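Dropping the structure in here first, questions after.
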Amino acid sequence: MTAISPTPAGEGKTTTSVGLGDALNALGKNVAICLREPSLGPCFGMKGGAAGGGFAQIIPMEEINLHFTGDFHAISAAHNLLSAMIDNHIYWGNGLNLDARRISWRRVVDMNDRALRDIVTSLGGVANGFPRQSGYDISVASEIMAILCLATNLKDLENRIEKIVVGQDKDRNNITAGQLNAAGAMAVLLRDAIKPNLVQSMEHTPAFVHGGPFANIAHGCNSLVATKTALKLADYVVTEAGFGADLGAEKFFDIKCRIGELTPSATVLVATIKALKFQGGADGKSLGEVNMDALDKGLENLGQHISNLEKFGVPVIVGINKYSNDTDEEIQAVEKYCSARNVNAHACTHWADGGKGALSLAQDIVETIEADRSEFSPLYGDDLALVEKVRHVARTIYGADDIVCDKKVLTQFKTFQEQGYGNLPVCMAKTQYSFSTDPSAKGAPKNHIVPVREVRLAAGAGFIVAICGDIMTMPGLPRHPAAEKIGIDANGETVGLF
Amino acid sequence: MTAISPTPAGEGKTTTSVGLGDALNALGKNVAICLREPSLGPCFGMKGGAAGGGFAQIIPMEEINLHFTGDFHAISAAHNLLSAMIDNHIYWGNGLNLDARRISWRRVVDMNDRALRDIVTSLGGVANGFPRQSGYDISVASEIMAILCLATNLKDLENRIEKIVVGQDKDRNNITAGQLNAAGAMAVLLRDAIKPNLVQSMEHTPAFVHGGPFANIAHGCNSLVATKTALKLADYVVTEAGFGADLGAEKFFDIKCRIGELTPSATVLVATIKALKFQGGADGKSLGEVNMDALDKGLENLGQHISNLEKFGVPVIVGINKYSNDTDEEIQAVEKYCSARNVNAHACTHWADGGKGALSLAQDIVETIEADRSEFSPLYGDDLALVEKVRHVARTIYGADDIVCDKKVLTQFKTFQEQGYGNLPVCMAKTQYSFSTDPSAKGAPKNHIVPVREVRLAAGAGFIVAICGDIMTMPGLPRHPAAEKIGIDANGETVGLF
Amino acid sequence: MTAISPTPAGEGKTTTSVGLGDALNALGKNVAICLREPSLGPCFGMKGGAAGGGFAQIIPMEEINLHFTGDFHAISAAHNLLSAMIDNHIYWGNGLNLDARRISWRRVVDMNDRALRDIVTSLGGVANGFPRQSGYDISVASEIMAILCLATNLKDLENRIEKIVVGQDKDRNNITAGQLNAAGAMAVLLRDAIKPNLVQSMEHTPAFVHGGPFANIAHGCNSLVATKTALKLADYVVTEAGFGADLGAEKFFDIKCRIGELTPSATVLVATIKALKFQGGADGKSLGEVNMDALDKGLENLGQHISNLEKFGVPVIVGINKYSNDTDEEIQAVEKYCSARNVNAHACTHWADGGKGALSLAQDIVETIEADRSEFSPLYGDDLALVEKVRHVARTIYGADDIVCDKKVLTQFKTFQEQGYGNLPVCMAKTQYSFSTDPSAKGAPKNHIVPVREVRLAAGAGFIVAICGDIMTMPGLPRHPAAEKIGIDANGETVGLF
Amino acid sequence: MTAISPTPAGEGKTTTSVGLGDALNALGKNVAICLREPSLGPCFGMKGGAAGGGFAQIIPMEEINLHFTGDFHAISAAHNLLSAMIDNHIYWGNGLNLDARRISWRRVVDMNDRALRDIVTSLGGVANGFPRQSGYDISVASEIMAILCLATNLKDLENRIEKIVVGQDKDRNNITAGQLNAAGAMAVLLRDAIKPNLVQSMEHTPAFVHGGPFANIAHGCNSLVATKTALKLADYVVTEAGFGADLGAEKFFDIKCRIGELTPSATVLVATIKALKFQGGADGKSLGEVNMDALDKGLENLGQHISNLEKFGVPVIVGINKYSNDTDEEIQAVEKYCSARNVNAHACTHWADGGKGALSLAQDIVETIEADRSEFSPLYGDDLALVEKVRHVARTIYGADDIVCDKKVLTQFKTFQEQGYGNLPVCMAKTQYSFSTDPSAKGAPKNHIVPVREVRLAAGAGFIVAICGDIMTMPGLPRHPAAEKIGIDANGETVGLF
């Protein structure tokens, strides 16, 4: 399950995943849904939770949105234990000769807290250690989260943790979590977290809600362990990937499927009439109004996503996540556009109607899968040079003319290549609002250039992050955070969290 | 259950609580044990876990010592949500006119991380807010922890959170969590955490393991909710208080019993032969050797604790937590000393023998309670002035001649008094290694002066903290943290955590 | 006096200025030299002083290189008084509602001290004020320095100081030094510093050594007061401008001459054989060797500087600052190249021979000036939009195709325009090693793009700084600073400073 | 020239020194005055300048109060060069293994700038070095200033600079400026500054105005070089020492005279009626009113200063710095009190009348010196242990019962003793407003205890600083700094500086 380029409100991938699961269930299929766990911090910020919506929802919503089974707390604890051990190592003589200025391992908290983005630690004198400039990311942006979602078992998890590069020593050699003897204790902290969590939809379809790596600097998919468990238990597994298909689907295919040796059978591309109008240039505030011109122009965005997805060899079906005020004319315009591209489109009403609102989509999925038309392969081979992988994605998926990297970035690519990381896939970090790096370039922009500002090594997760544009790894709270309205009412019920 | 002044290794209050509970159970009594939850951070530092030991242990040890039911994670999250909302409030215009230099609410993490004691936040420019100097405490030192342990229910918890003073505005008025509209969301985060956790000892005695406020800047006791639940369900409830009796028992009586309207029936004062020798001046490394002179001198410490406890009107029984190499001569010396003071002493071997090792202690407890000799009252009345409460504790319990406060501290006392906090009890923060503020002053030092360095308001918890000496609210890791040895073995078992 | 694109060692503009002055003197002309004061800090770093060299030197060298008449100390004091008054204003209630994050006025010190580039101030509690992230520049980079060099008298100096924009208030309005009532006291601190300093060359030619604004973020010329004084007293005034002609001469013409209403009569463009070979691609270490290919290629750099200078309407003469090991073949190649462009070139040996080494250059200058061929006009008019001024300089002088600015920079240009600063000249900050922004692009690079990273307002100095590339406003010391060798010998003489 | 315990406005030591000098001059004596140079920073704060007042003033006041001959700028530059070299040394590999947390050498600026008291440096990444917490002192608090005032010549200055301890290495060995090869360059920066500056009073008495070490953490006297020069040129030399006699005179005798082998002939103890009333408990705002009770009580302060000074073996004469509204009754009360103690007192009117207002004091001085009654010796011998030196001063001069030091301070004393610094004199840092460490304890407090909070080594200056109480080494500006009123008027005259 993926989507076109989204509006800030999102296009309903989770909701549609649940709806499709419920519909497959209604069709008598043995189905499981695989979703990402929501992050606690953002629940107190702009939006409420992330457990689907309407009648296409997983339950218990409140628990899932808050501490749930404690997975994210465990990830934060494991991450911060490593952070504490780094500073502690320096404090007690710095046997590994770490360069305090070149420590890239930060700290994390599952909270929207902009004040922690850039901090100085170890002030206050000798007993508090050596001052350093560092900062916090939100927990979902932790490499531990990415690792947990890509590890095949607890031992593999520990092995990956050992490989995490926390910084460099004074001779520029990489220093790892393994060298700090931190991996064992971190794995102990994660031994329950790596186990998939099983809940259900309102229509009793089983749902594995597990892992939630940040969809920009990580790969943004449900954990491999959960997906593989679901694949063993069910005949049909519906899973989602973060952001639009240029980011989420590409990473799902090129990172998760590559590492997990998965072979997806079909792709559902979610679109909403609102998002299409938005991509066609309509004003964000008037998306509820009929605007056929904007819709027509916005379909270019849908078109590029379709053609992108076809490059992976997986059949594509469009799922229109229908809102009550979408008109028939609008729906038909989308259907017609897809039809011209030989792609089926289904208007779905699972939000209002539950599984039965997505029956035609489910039926099409079943037929597509039974036809066995998927010839999946990732976009690039392991042995393409790192910088060429990035260029290839930019040209093939983003429609860019080229990438540009300054000397520092090129040197970094070269260093990673020389250090033996050349065979890793690349994890692209880019705005989700456009195929280009300019969030305001709607539709399907052409002739643009993708600047690669920075490359980072996630040696434990097993990918190289290529940062193209400003990427936020710690959100802030809005002027009036949702937290101000969240509380417990007179009946002891939680309110304000939805 | 309390203890004499401890060695750094501790005297076995938790172990003896479990042993006594198991012994009462063995006597056929309907008994429940009420313990504090261990903090996760210190498990990776010097020591292992905190779930009793030997055959006087609660299980499952590993879960209890790590994430357990997530209570501490919930406390950290609630605490840090408030922290984020403070900086966010300033960021968005500072409607409450908070003085950024006078914000006393810090952040917390359940980790030993000295690098976070003193930090500067919000660096990096306009988008990250206004720089401030602040820091982290370990989660158990959070006022939220103290509140959770003193709240009578979820609504009371929320009410107390509302009253938390986070700092002052530019006119020096206190600003509360309630004014920031944070209390509801914080309570939602804590709605499961406030529920007591029920486990059992190895001999199947029920144990409520719930809450773990820092025994120096907070009151160091199991939660009131857990204790009250246990009192409803069992005829005998065994509970503990942190540190030695000068701190733990005094706060149990003066804070927890006062706020919770509890009337304890008997006190067990735990002593070890080692600790007595240590208090008598023996070298920390030779405590295993017989040294009757040191023992005799160390008994003065026991004596002062006995006489202190009697001031609360509760019968005192001494429990000797016997080690295998303690000699009969040593044990008898203690018994004789106690006998001369009209106090029973029982050598207990629960660590090696489980409940049956503490039967004579249990029997004595039963008889004492049936004799109904307790005439409990706290040490001071609510209406004594705050500074006089501190002076009274120092003179009565610590054997001090007086306290000294500089002008700033006296002004602070006066301000709290004027702001209507004069009726709160005082929570003393002092070294646990001596009755005085000098950790090396062993035995029962006389003619000493207690300097009060700082006073802090815990308006939500409902006490005034009086800091006497250097108090650590964020520990560090040792040169070789336990974390380096913790891991998962070939069978998938956790090792290194005990 | 200006130069081609320099090597890191510099091309000898100051030395040639002194040599030309002495030669004019030797010809019996009434001449004065106008030079910049050297900065104290860099004397302790890589190089020694900056008072010319060999027999073309001003004296007393030691005093000129160190404290001299205290001008730079006065500038530092005036600058830092304003800094202190800003933080003091915030401390005492912030009546002007300054946004502490938007204060652009930093502090200065005349020292190479990289540790001060990025600092946090006001730590340590309430009494020390509100923490802010800020930093130090070297004193020559102070706007006060630029103002002192452009002010026409003490009153004008004070008026310009009043206009300095120190930051914005919370509604984004500019706040000035005048609003802080700082200008009067700052002017008092500068009342002696604004007076030109008169010294002499070794051949007794009078030299006004006064002012030394940083040639990148400021205009890099001797003070207007000194130049005008010299123009009143002498018939011929020789003055210099920092860096190569693309920066120094352009700013001399477009900023200093514009503001001071000066009309220069002739330009000497200094070149060295070494620098030409360097611009032609020769290795920095083998510049002493004959390399006619590199020399030929390097002449393109000279050619572009010549054609640039001609755009200002001022006659150009090339002065070859000859080194003892330059060959006749090399010198002739330069002469031939110039001759083909209708420009005279003179090989000068003033370093070795004093004024008589520059007689032919001097003679040519006299004839040129007497021919009165100068038709000076600046490159652009006051009323061209700011962004267009930058574009015009980039295209006309740098040979760039265009400039690129991100949205933030464009907005800033627009804001300055709206605030009424649109008529100011632009002060370009760019590497001196290339016409482009890539220091390694030697010769006369074509088809390059100039990125404008940042624009800053120097409202007191009266220009807009356009920063193109990484600009250093606080240098660091090298691994072995010159300071390690500087000292006082047994005879009480200063050694190591040259 | 010294004084009783002052009011915040000061008692007029400088004015009386000038008055006495002028009076001696009027008596036909060959006299020179030796004063401290005023600091630039404070001129912009609360007060104006410090060049005497009324008709007892040195000129040119404006120059003396501002940059003067640049001595303080040179001191700041030399100090900050060492600071830069320390961070630079760490940056380039830290060959000396400096512990960045144990660097005690800070930076200085001659400005009242509280924002710089506590800062973090080297933020912003690898190129800016390793972050450290440090800060700025005002330049007069620099050890360089103390050194300049105690050095006997330029070579001795350099030798002393070499011995400056800047911090410790990771094995806790002291690291010196000499090890950083900084001393030579620092001496070069100071080669003019060490030369005494000669000005004159309004009555043409020569005055050496040179050096101005902070009277709390340094010794607060005119430079030894200036004093010795004056002693060679004149028969009578009048010099002053900072703060009251408990601090200034004690340090003059025990530090300056000891190191410089000076033997003072007589002491003038300045008192004002206002200060005596202030010391007698009168309110600071009503000091202008007659209050014989307060005056009588305040005379105890005078009495203790007299008896203190007699302990050094130097004859004492009281000089009453008379204000126009002092009554005869008040003056006579002081005279009577002194007479009873066998000490002469002279009411002086030099502020209003110049030298002739101090003739009787001058006459008495001449007679006293001719009688040759001085038997000067310092208060303690070199070989008394450091801690005992401090105790001796506290008991003998401050009238304290004892000193108290915590363990850290005692250890520090011991370390200095072991490192061979035991023979140095001690430089006491204490409030000037009381003999005790409580600024509000007026008169001659008895039975007080002096807490020694910190000891610092000034190995270059050649003393150990014992800090007793809160000591400010960087002042702040007041709400309305004098700078706001300082400026240049229409005639080009400086106004607001007096």
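Which chain is which? They are A, B, C and D, in the order written, and residues in each are numbered from 1.
Assume contacts are C-beta pairs under 8 Å (C-beta built on N, C-alpha and C of every residue); 3 or more make two chains touch, one makes a residue touch a chain.
What you are looking at is a predicted structure, and each value in this text was computed from that prediction instead of being measured.
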Message: Taking each chain's centre as the mean of its CA atoms, which one is most distant from chain B?
response: C
- line: Cα centre of chain A to Cα centre of chain B, whole Å, reads 43
Statement: Whole-angstrom distance, CA centroid of chain A to CA centroid of chain C, is 51
Statement: Chain-centre distance (mean CA atoms) for chain A and chain D, in whole Å, is 66
- prompt: Which residues of chain C are in contact with two or more other chains?
  reply: 120, 123-124, 129, 132-133
- request: Treating touching as the only link between chains, describe the layout with one word: line, ring, star, complete or other.
  value: ring
Chain B-touching residues of chain C, taken from the complex the two chains share: 99-102, 120, 123-126, 129-133
Query: Quick one: in the complex, what on chain A touches chain B?
result: 40, 44, 66-67, 70, 73-74, 76-77, 80-81, 83-85, 87-88, 91-93, 109-124, 127-129, 132-133, 135, 154-155, 158, 181-185, 187-189, 191-192, 476-477, 479, 481-488, 492, 494, 496-497
